Structures are given as structure tokens and as C-alpha cells.
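There are structures below to look over.
Next come two complexes built around chain A: one with chain B, the other with chain C.
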Partner chain A sequence: MIDRIASGFHPFVIPFVFGMVFVIGWCILALVRILFQLTHQDRLAFFKSLVNPKTALRNIKDIFANCLLHVKLWKRNKLLGYMHSSIAFGWFMLIVLGHLEVFIYVPHRINLFYYPIFFNYFVSEADATIGGSLLFFLMDFFLLMVLSGIVLAMVKRFRSMLFGMRRTTRPAFLDRIGLWALWMIFPLRWIAETFTAHISGGSFLTAPMSHLLVRVLGDNIPVMPFWWAYSIALCVFICVLPFTRYRHIPAEMLLIPRRNAGLKIRNARKGLAKVEVFSCPNCGVCIDACPMSVKKANIKDCTVYLNRQIRRGNEKRIEQISDKCLLCGKCEAVCQVGVQGPTIRVAQRSIRKYGLSQDYSNIDIQPLVDAAKGSKVVYFAGCMTKLTPRISTAMESLFKKAGVEYVWMDRDGGLCCGRPMLTAGRLEQAGQMIAMNERIIKESGAGTLVLSCPICYKMFKEHYNLPGVKIVHHTEYLEELVRSGVLKLEKGDTFYVYHDPCELGRGSGIYEAPRKLVGQAAMIVDAGHTREERSCGGGSLGSLTLSFAQREAITKASLADLGVNHPDAIATACPLCLATFSRYSSRPVRDIAEIVDIQSNGSE
Partner chain B sequence: MKENVVIIGGGVAGLEAARQLLSLGYMPIVVERKKSLGGHVAQWNRLFPDMTPTKDLMERLIADTAQANIFTETGIRFINRLKDGYNVMLTNGVNIYSKAVLIATGFGLFDARKKEEYGYGVYDHVITNADLEQWFNGKEDNRIPESPQSIGFVHCVGSRDVKSCNSQCSKVCCMTAVKQAIELKEKFPQAEIYCFYMDLRLFGKKYEDFYISAQKDYGIHFIRGRVSEVSERLEGRLQVKSEDTLSGKPLKVGIDLLVLMSGMVARDENSEIASMLRIQTDSDGFLKSRDNIYSIIESERPGIFFAGACTGTKTVPETVAEARAAALEIHNYLSR
Partner chain C sequence: MIDFGFKINPSSTLDLDKADLTLYNKLVRMEPEARMCMACGSCSATCMSAEYSGMSVRKVLLALQRGKDVSMMLSNCMLCGKCTMVCPRGINTRHLILSLCRIYDKEGLK
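Coming up: the complex of A and B.
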């Protein structure tokens, strides 16, 4: 393989070089800006994580798996996964192999960064390099891979259902330009390389066509226009990249190390949140996932549109979208980038200034402190359980059956766990609740805190500092009692479908304990969508503005999905889900505590 | 040969309409789903404002309709629309041709278990207005203590409550609560009685007098504020949490017996009947009248008439008046 052009330069590379300089400059600028937006500790933590070999390794692994192979998309839909990974990984391999070629054959050109991209133009095949056919083959193979991905992308524009997507986003004007440029790059490269394959060599994709062309046209092959077009297409794509959905390519590579460094969203517009918003590829997977999208009017309130509005700085819409969300977390669960939609919204809510700032810290909790003393187990039912006494009655009965000595901490009125304040962005008030509840529990001397409400559970787990106290949801607690033989379950013949409450499943990762309990106490069938994919029942406290009528549609859709396998009854593990479903369900709705209570005997 | 008129429902509306149609020279055929006639009203003990024993009213209605053709424990299998009338097939196999059909299917009683925060079906001493009337009628109820010290009434249970999927007012419960509170006070003079209400809608003749008397003569406490939650204390007593919105203070009251004023809701069967006859249900689930001022008893289909609470919540006098009006309208329709 030898240089064909002595200077190693041709004007057609200028567009590409211009684009690359521009985009690299932009990336560096953005990186510096975002680094400055982080708090001092966060910045320090980020830099430390970069030099820590463990996180560094994880960063590389995650970038490889998510940015190139799109592992999460494969799990979602095979075709969608193949489409993305064929383009991303194929392109990556073309770049890597291009560099390898330069390195092997013309090492003195390695300093010209456009050389690997236009390698086939600048070299001609010499007899000595025939052995490089493996490289040629690989280059053509990965080009074919990318081309197949592009074909799928074109099909997807018109038939998104084939890729498991009912609804997708409408691309903005610049997005369309970027899209067309991306679609053009590889066909043009293919044609350009084919036209020069009789000089530079090629493999199965380029060589046969080249032979044919030479035979028909002789030396009159119009080579230059296609190399120019290839370079221009690259330039257009790279230049619009920072202003289109394709910005997620560099942004995601930045997001992964930050997340691995353990940074948290502190501001809806700055730092990590900004990287997340820019990492959003606008794919629209969250539209189908969002429980609110059962009503067409709510489609524009999904996370993908929140990200778009934040980028555009449309304050009114940002506020509307942030307030409306149920905070069920499904968009985050299905997002292949993992944009923390709910967290960004809560951060946004916390910016708001309220006219009235309540102070709860002067509530006299001494009676509650005194009442909670003297037991190993503290039971905290929570406000929602107070409204669904079936659950607390069942829990009391079960404590009795199991012979557990316990104190019901909020039997005679208690304090809120603070989560409604937290989701409303009123962090100060939430902090007051936390401090008071922490005092009650710490002074009780209990070693276990049992909660019936997943909303409280998540709050206690994540925002309370209770060293030495085991915090469990009642499903975990009951499962433990059954496993250790303290409670004995008799299998009934009712067929239940289990609804994963958002805060227990996606929110706290508890999927197995409830299923085990239901499975041991009764028969169990699956819902249409389960676990991470389960839709909110519509009752969520997360939304500040969603009207009752709009919630009704969500509840009914969720119920319909629960009924696909014709269960006799619905089981859930959240008082709010219980109350919401009971309103519209034609089937009985029961909490797992109730089911266990009906089907159990104490060990004595 | 007298002309048939099919009446669906053997409650106050159906029976009164049958009585009038008989005297107009028709043969009413009353189809009642239940074993006994009289519907919800027959389960009641006494009716306000004159404390009329329901038994008297029922006996009179049933005696006056003895000539009518009455099928109890019978439903409608299907109704076919013919050219100028309806072919009604009953579940007992009887097939009737009738030019006019009167729908008098009434209302459903709200299932108080749906308002779980009040503890009906969970706690030992929570009953509904209907349970209390049964007890007045002499039926045993061990949820009612021997000598309660304090009794609570919760108004608007499942009425005017979008969260219970019923936004309509049930009209009669305010007055029923006042009546039942007085009756309980007469039985348990030592008990303190609290009524938790959000509005008192005492619109009818003598209702206001009843309310004043309940306060002045019986010392019943009316607290303006909805009950937020009910819990059961260790000793079995109930604790009711509410807010006295007039003084702006939260309240906790210990209660020995809690009576929930279950409201009237649209029957689930309404949509079935509506689709059979190709008439419409309204947004509240009740059957839709042609208009709500001048033609409440008429449907949008010729020959289909309504009477009573199938088109919305009604008091007994309103139901009786509608039944008579419907009978006359049917007579006019048939003698065209």
C-alpha cells in the first residue's frame, strides 16, 4: 500500500476538517462550562473518580455497552437494538480500522487526522499489500453493517411499529437536516470507495462493482464528485450535531463518567441535569412508556419534551411539564440513556418561591416519642394506610399471629414521612419532617421499622439517617416471617394479578418478595406489563396538577392491562394503589397484607 | 281486552304508575327483579317529614295494584323494537307486546366500602343509613352497641364526591340524617350525637323545622367539616378525625357508633337497559331524559317513558308525582 498523492492533501477534505475542528471546539467549550456549573465537591468527586481505576474501568465498559452496542435497546426491541448498534458500532469500527490501516501502511501520515477517513482515496494498492485483504474485508463488512442500519433507520421513519414504537417524536428542522446528512454519509462513502477500488483495492462490497465500472466506463469514472459529497455530508452532520438530537453522542460519553462518579442532580438546568438533557437522543421511547400518554393531550408532557423545552429555555412549558408528572419513574426505567426525568422535575419544582413557607419544626412530638418507646419493632402505617384501614387491620392481625411485639408509631396520628413535600420541591419542610421522625425512631430504641406504604418506604430508605435500624416494607417483612416459618401460609385458589407499585418496584427495586407471598398464598397470573414496565395506577402523589378526570383514564388503562389474563382479583402492596384501583375495578382489589392475613396461621 | 303497558321496576314509581294506569283503563304489567315489591323505600322504617310508617304506604300501594299483572323475581331477557311497539321477553319465558314501556328501575345504593377511610366492613361499629333503618324495622344488628355514649353521622358518603365517581347530590340524605339522628336520640337519650356535614341541603317542606328541632329539642351537634379518617382504638371505640371549618380547628371525636349516609348512585344495569332500548345514559350514569325541565319522564324514543330515580336522585314525593305524570303521558301517547 503506497501513497498515491505525494502531498497527502486534496481540497475535498476541507469541509470535513472544518467540521471536526468546529465540533471538537464546541465539545471542549461545553465540557468546561458544565464542569464550572458543578459544585466544588461534585467537581472534586468527578475528577477523583476519573483516576480511580475501578470507576475508570466501569466508565469504559459502560460507554462501550451503551454508546456503541446499545445493550439496553437490544433488550427493548431486537430490531431497534440492531439498527442503533450497527450504525454506532459499525462506524466506530470503520474509524478504528481506518486508523489501523494508516498505522500499518503509511505510518508517516498518522498525524493527519483526516487520513484514516479518506484512506482509500489517498493510497493505491501495491503487490506487497495483497495480504491486507483481511483488513479490506473487515472494512467492507462494517460498511455493510452500517448501511444495513441506515436502511432500517429509513424503514423506521415510516413504520415505527416494526421497531416496537407506537409513537415517536416529530423531529425539528435541524434534526431533519442531521438525519438526511447521516443517511447520506455511508451510501456516498460506499460509492466513492467503489469508484476508487480499482486503484486502492477493495473487498466484496466495493471490488466487484469497481471491476464492472472500469469495464464499462474505462478511465472516465467520476470519482471526485463523490469524495467531495462524502466529505460535505460528514461536514453537515458534524456541524449540525451540537444543535440536534445527535448531540447525545458526545453528551452521553460525558454523562456516563459523571453518573459513575456518583453525582446527583442539584439544579434542573445546570451540571449533571444539563448533561442529561443533552444526552437525550429524542428517541421517544418514553412517550409510549408514560402512563399519562393514554390521553393524547398529555403526550407533550413526557420526558423527551421536557428535555426539548429545557434546551429551548421555554420557562412556561418547563414548569407545566414538571408539575404535571406523576413521578412514576417509568420513563427513566425504559430510557436507554437513563435520563432521570423525575429527578430533573423535582429539582425544577424546588426552584419555585412560595408566598407562604410553613414551619413544622415546632410541632410537639414528645407524646409521639414517648408512645413509641420500648419495642424492638416499630410499625409506621403512614397517612395513606390510615385511609385504607384494611391494610393496617391485617398488619395488626399478622403481628399478633406471629407473636411480634410492636409499637404502632402513628396509631394516634403521626407525622408525615415528608415525601409529598419533597416531591413538591419543598425540601426545607421535608427536612423538618425527617428530623422529627428520625428522633421518634431513634429514641424508641427499635431495631426494625416496618412500613406499609411504599411512598414512605422509599423516603425512609433514601432520605433518613437511621443507623442500626432495619427499614423494611411489609411485603419484605412478611416474606421473612413466612420464610422463617413464623407464619404459615395455606395456598388458596383465587387467581391474583400483582400490580407493582411504582415506588416499591421501580422506586425501591422490590419485585420478588410480593410475588413470593402472593404465589404462596394464592395463584398468580401476569399482567400485560410487569415489573419495570408496569404502569402507574394514576393515584400518584407526584403530580401537582393532573386533574381527576385525567387520572381516571390512567387508572382505567392500568386496570385493563392488569386484566389481560383474566385474574379473579388484583393484589397490590401500596395503599394508594389500593384506593385508586378500588374506585374503578370490577374485580376485588386487596393488599398483600390482607391476602397473607386471610391465608395464614401463626406458628402456635 | 285492556291494552298492556310494561313497567320495569316494582318500587314506589312502578307501583304508583301501575295504580294510575289501572284507573285509566290499562293493564299494567309490573316486572320486579326482587322477591318483594317496594324497592329501596320498602326497606325504610319511617319517612320524613311526617314520620309516616313506610309500611302504611306500601300496603296501600300494593292493595291498589292488586288488579295489575305483577311478576316478581323476574328480569328482562330482551326487548325488541317493532313497528309501533315493543316485544318484551321476560326471564320467566313470558312474552309481552306493549306499545309503551315505562322504566322505573330506580337507583343503586352507594357501596360504603368504597370509602374505605370510614371503615365500613373493616371496623366493628360502622353502619350505613340503610342498616340503621333495618334495625329500626326490628332486624338484629350487633354492630350497634347496647348503650352508645356518642354517635356520629357522616353526610355525603359517595355523594358530591368525584373521588367516588359520583358528583351528584343524593338529595335525601341530609334530611334522612336529621331524621335518624332524632330517632336515635329518642332511643339513646344519654348519647351525644354529631353530624359531620359539608353543606346541609334542607329544601323541602318542613325540613328546616326538623333541623331546628334537632338542635333545639334534641341537642344534636352539627359540625361543618368532612371526616378525613376513622380509626379503631384498642378498646374498640372509633376515633373520628375531622375539621370544624366554622371555627377552623381540627377535631378528634371518640365515637361508639358511626352511621354513614350512603348516597344514591346510578344503577350498573342502566347501560344495559339503555343499549337494549337504544336510549342514552347521561354523564352521571342515570338514564337521559329528553330534557330536564319539561320532559323528564320522556325518553328520546317514542313509547319509552321514565318515572322516579332512574333519571336522577329523587325524593319519594317527587317520585310519586313523576309516576302519575308518566301514567298520564302514556295514556295520551296510547290514545293518540
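Coming up: the complex of A and C.
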């Protein structure tokens, strides 16, 4: 092993060194800025979580699994998983092994941070020992891994369908420059290392080509242009990195510890929201997932484009995109980084100024408080159930069959749960309604609150403070009644397909109780997409601007997906889904409460 | 003023020449759908806050076309979206209400 160049320097490393200094400086500046944007408590909680050994370990594990190995992506799409992890993990290993080589063979150069990157240029006969040739073999192996990933990436750019992606993001101008620079780095590195392999040594990927070159060209191999090109490609890539989608690489490493610290988005543009927006890798998985993108409509309104517009500060588009979204949460469920698309949108809605703000202090809730008193079970049907009274009728009948004493809190009108206001970003108004409903329920002295509407359910679960009150959706409640034998179900012979409402499934994680009920009361078949993958029925209150005509296409696509296994009828657990599907469905649509009511007898 | 034990209701005469339609015109520019309302009253029938503030999208639109104040009606809207669900004309009443709240100018209308 000989350190070939006495000074340990050659001008071609300058572009790389310049780029590296720039990007590290930028990252430190961005980190400091974002830390200052957090509230004092959040900052404290963040630092505490960093020193807590449990979260620290989880951070390391998550960063390794998600940023390098892309475990979540592997689970979703093996080919995409391989493509991303081969580039990320392969590159990481090249850097680690490069440092190892320097550390073992030329330890006095370890302080030159460009040395591991251009190791092959600066040394000669490094593969003379067994250890050296093993390291060279590993280097070539990981280079091959990265190159295979790059080839896949190129194919994907032009034929994304081969990777199971019907649509992919349209890269912005700088993204294209970064993309081409990234594509060039590794082929150039391969060529450069091949051209110096007769001096430095090489392995299976570089040595054979090198032998051939020496035979043909003798000593006239043009080595320098390729080392220069390699260094320049690296420089271009890391210099545009902060301004392209590739900033997700440093941002995601910051996002994971923040999420593990349990921080929430408090500002529409600063702090955690900023990290989330910067962490978006623009992969475009959310485009295919978005229910609005059926028939190639609204593609530019997916989360990936929201993040891009927020980065650009295009206020008009930010408003359009964040208002149109159904807030179904599917993009968040499929996102590999876990960007909270719906939460970011609600945050954007919350910074609007209104000339007229609703105020409910004039509403006298005393009659509601009095009416709700004196029962162990309170039933809150919700606004949407008022439009589909067959659900509340079925629930009344079931309460009677089960012999449960209950009060119907909003039988003769009442207050909304506050979720529509909350999703419109008007947190203060939502807070007023929450306080009033809390008072009614607390003063009723009830131990159980049964809700028919998943929208209300999510709201009560997440935003209400009701100690000692068990909050259940009617599917959970009925399932418990059936399990304890209070209600007995007869299995019917109708084939139902169950539609997971967004707010009940993805929103609250209730998938089993409704399925069990339908399975016990009737036959059940699967939809094309189920559980987390289920598409919104198109009725969602989350969207502020989608028109009826635009919603129709979404509903019809969702219905078509429900019908793939030819069920006789559709079962759902949400009054809004029921109303929306009933409008266009050729099959009867029933709420689970109705099905249970038809198929049940009381214990007597 | 002397209290005679009775009072005279303010005149309910409509003078469309003098009515201030700034807010209505502004709203229609933002929400052209407002013109599609046929005053069927489905929204009034379903409204949750009607019993508290007399809210009704139909009435709000009518009042705006006559230059009257609608802030009282709007003040208890809970944005639950039932009016949107039942509208036979497919008007996005929720967004209409939000837009109206946004452009509402406290000084503009008496």
C-alpha cells in the first residue's frame, strides 16, 4: 500500500470540497432556524427526547430502517423498495467503507474528508493484501448495487407503470438537474475507478475493464477527465440538494426524532410543518392513492404538490389545494416518510382571516343539559345521522331489544361535535362547541357515550376531555352487546361488502368490530381495496371546495371498487357514506346498525 | 320618547334602488353558485342552528339581495354541511358560508 500522491491533494477535489462545505453549512443553518421556530416547550421536549435512551434508540432504529433500508417501501412495493434502498444503503456503505479503507491503510489522511471519496485516485496497489482485496470487493459490490438502483431509477422515470405507479410526479427544473447529477455520479465513479484500477487496484467490477484498457491504450488512459467529472457531478448534486426534492435526505433525519418526541404541528409554515414539507421526497405515491385523482382529475392537488407549493410560497395554489382535499388521510397512510398531508392542510386553513366569526355564547344549553340527565348511556347521533334517520331508528330499536336505558342527547336538535369547524381551520369556534358538549355529557353523569357518526367519534376521542366516559362508536357498542349475549344475531344469506369509512378506519383504527358484526349477521365479501387502502366515498366534509359534480366521479369509482366481488349489498358504518353511496349505488346500501337490527333478537 | 305602551314596527318596505348590494355582488363573484339558489328551503329545513339564530342559507341569500344584514343568522352556523348535502341544486353552501364570513365587512352593512 503506497500513498501515491505525497501532498494528498489534487485540484479535482475542489468542486467536491466546495459543495460539501456549502451543504453542511446550509444544513446547520436550517437546523438552527427550525429549532428556533419551535415553541419553548416543544424545544425542551425535543431535547429531552434526544437524551432519553429509549427514544434515542428508536430514533436510530427508525432512521436506519426508513432512511437507508426503506423498510416501509419494501412492504408496499418490492421493486421500488429495492430501487431506493440500493441507492441509499449502497451509497451509505460506500462512504462507510471508504472511511474504513482510509482508516486502515492511510490513517494519517483521515482528517482530509475528501480522501475516502476519492481513495482510489490517491493510492496504489491497495488490493495487494487479502484484507485490501476484500475491501475492494465490497466497494465494487456496493457500487454495483447503487448502479443497479440507478438503472431502475432511469427506467422508472420513463416507464413508471413497470413499477406499479400509474402516475408519478412531474419534476421541477432544479429537480431535473439534481436527478441527472445523481444519475451521473455513480457511472462516472465507476469509469474513473476503472481507469485508475491498474494503479490502485480493483475488483470484479473495475479490474477486468482496466486490463482491457491497459492492453489497448497502454499508459495513455485519460484518467483525469473522469475524476474531474465525478467530482463536478458530486458538486452539482450537493449544491442543488437544498433547493430540490433531495433535501428530504437531511430533512427526514430530522423529522424522525421530532415525531418520536411527540411534537405536533402548531404553525402552518414553521417548525414541524416546515420539516414535514421539506421531508417530502416527491415520490408521488400519494397521487395514485388520492381518491380525488380518479379519471386523472385533481392530480395537481395531491399532497406532493401541496408540499411543493408551500416550499415555493405560492399562496393562491396553497389555498386551492388545501381547501379541495377530502382529508381522508390515505396519502398519509401510504406515505413512506409519513408526511401528515391532512394535518398540514388544516394548518393552512387555520391561518385565514374571517370578517365574521361565529360565536355560540348566545345558545342556551340548559335544556339540553337537563334532557341528558339520568341515564348510564348517552346516545349522540350527530348531524349527519339526522339526514339518514334509518340509522338512529335502528339504534333506538336495538337499544330497546337489548334493554338498555339511554338518553338521546341530540334528539330534538343540539350542537354539532365541532369537527366540521375544526377541519375548516376555525379552531376557536370548534373549541366553543367542544366546551358546550363536554358540559352536557359531564353533567349527565353517564358512563358511556355511543356515537353513530365516525366524524363525531374521531372528534370526541381526540379533542374532548371526558374523564370516566367510555366513548364508543355504535359498531363497537353493538359488537360488545352481541359478544356478551345481550343481542343474538341470526346469520342471513345476503352478501355484504363492507366499506371502511375514512374517519373510522384510518382515522380511528376501527377495522375489526364492524367486520365481526357483518360477518355474524350476514355473509361478507371483500372490496378491491380494504382497510387503510380504502378510498373515500366522496362525501367527506373535509373538502371545502369540491363540487357535487367532482364528487360524483369519486363516489362512482369507490362504488366500482366495492363491487368487484359482486356483493348483494353494501354495508357501511357512517351516515355520510350511507347518504353519498345511496345517491349513485345500484345495490342497496345499509348501515351496520340496520343490518344488526334486521338480524337480531333480544335476549328474552 | 314617550312610552305609549305600544310601538310601531320599522318599515319593511324594500327599496331595491337604495339597497347596498356590494356584499352580494362580491359574494357572487367569489361563488357564482349563489345565483343557482331557487329558494326551495331544503337548507332551512335541515339547519342545526336555525333554532338558535334563525339561520337559513335561503334567507341569507335573500337578505343579501336586499342589502340587509345577515351577521346574526350566520353567527351560529356550525358548518355541519347538512344544507350542502340536501341542496337539490348542488350548491356548495358550506363554502358559500365560509366565503361570506371571509368577505364580511363589519362596517359595510347596517
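Rule of thumb we're sticking to: the second predicted complex is superposed on the first by the 596 of 604 C-alpha atoms of A that agree within 3 Å, B and C clash if a C-alpha of one lies under 4 Å from a C-alpha of the other, contacts with A are read in each partner's own complex, and residues count from 1 in each chain.
Everything that follows uses one rule, which is that contacts are C-beta pairs under 8 Å (C-beta built on N, C-alpha and C of every residue); 3 or more make two chains touch, one makes a residue touch a chain.
For clarity, every value in this text was computed on a predicted model and none was experimentally measured.
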* Between chain B and chain C, which makes contact with more of the residues in chain A? -> C
* Where does A:Pro389 make contact in the superposed view: on chain B (first), on chain C (second), on both, or on neither? -> first
* Asked: Is A:Phe548 in contact with chain B, with chain C, with both, or with neither (first, second, both, neither)?
  -> both
* Asked: Now for A:Ile287: first (chain B), second (chain C), both, or neither, which partner does it touch?
  -> neither
* **chain B versus chain C as contact partner of A:Leu478, first or second or both or neither** => neither
* Asked: Thinking of the overlay built on chain A, is A:Val589 touched by chain B (first), by chain C (second), by both, or by neither?
  -> neither
* Figure out whether A:Ala579 sits in contact with chain B (first) or chain C (second), or with both, or with neither. => both
* First (chain B), second (chain C), both or neither: which does A:Arg352 touch? -> second
* Asked: Of the partners chain B and chain C, which touch A:Arg411 in the superposed model: first, second, both, neither?
  -> first
* To do: Under the contact definition given at the top, report the residues of chain A touching chain B in one complex and chain C in the other.
  => 386-387, 413, 548, 579
* Any idea which chain A residues touch chain B in the complex? -> 386-390, 393, 411-413, 548, 578-579, 582-584
* Parts of chain A lying in touch with chain C, wherever the complex brings them together -> 323, 352-360, 362-363, 383-384, 386-387, 413-416, 418, 420-421, 424, 426, 429, 433, 539, 541, 544-549, 576, 579
* Of all residues in chain C, which touch chain A in the complex? -> 33, 46, 48, 51-53, 71, 74-82, 85-86, 90, 92, 94-95, 98, 100-106
* Complex contacts: residues of chain B adjacent to chain A -> 114, 116-117, 119, 122-123, 162-165, 229-232, 239, 241, 252
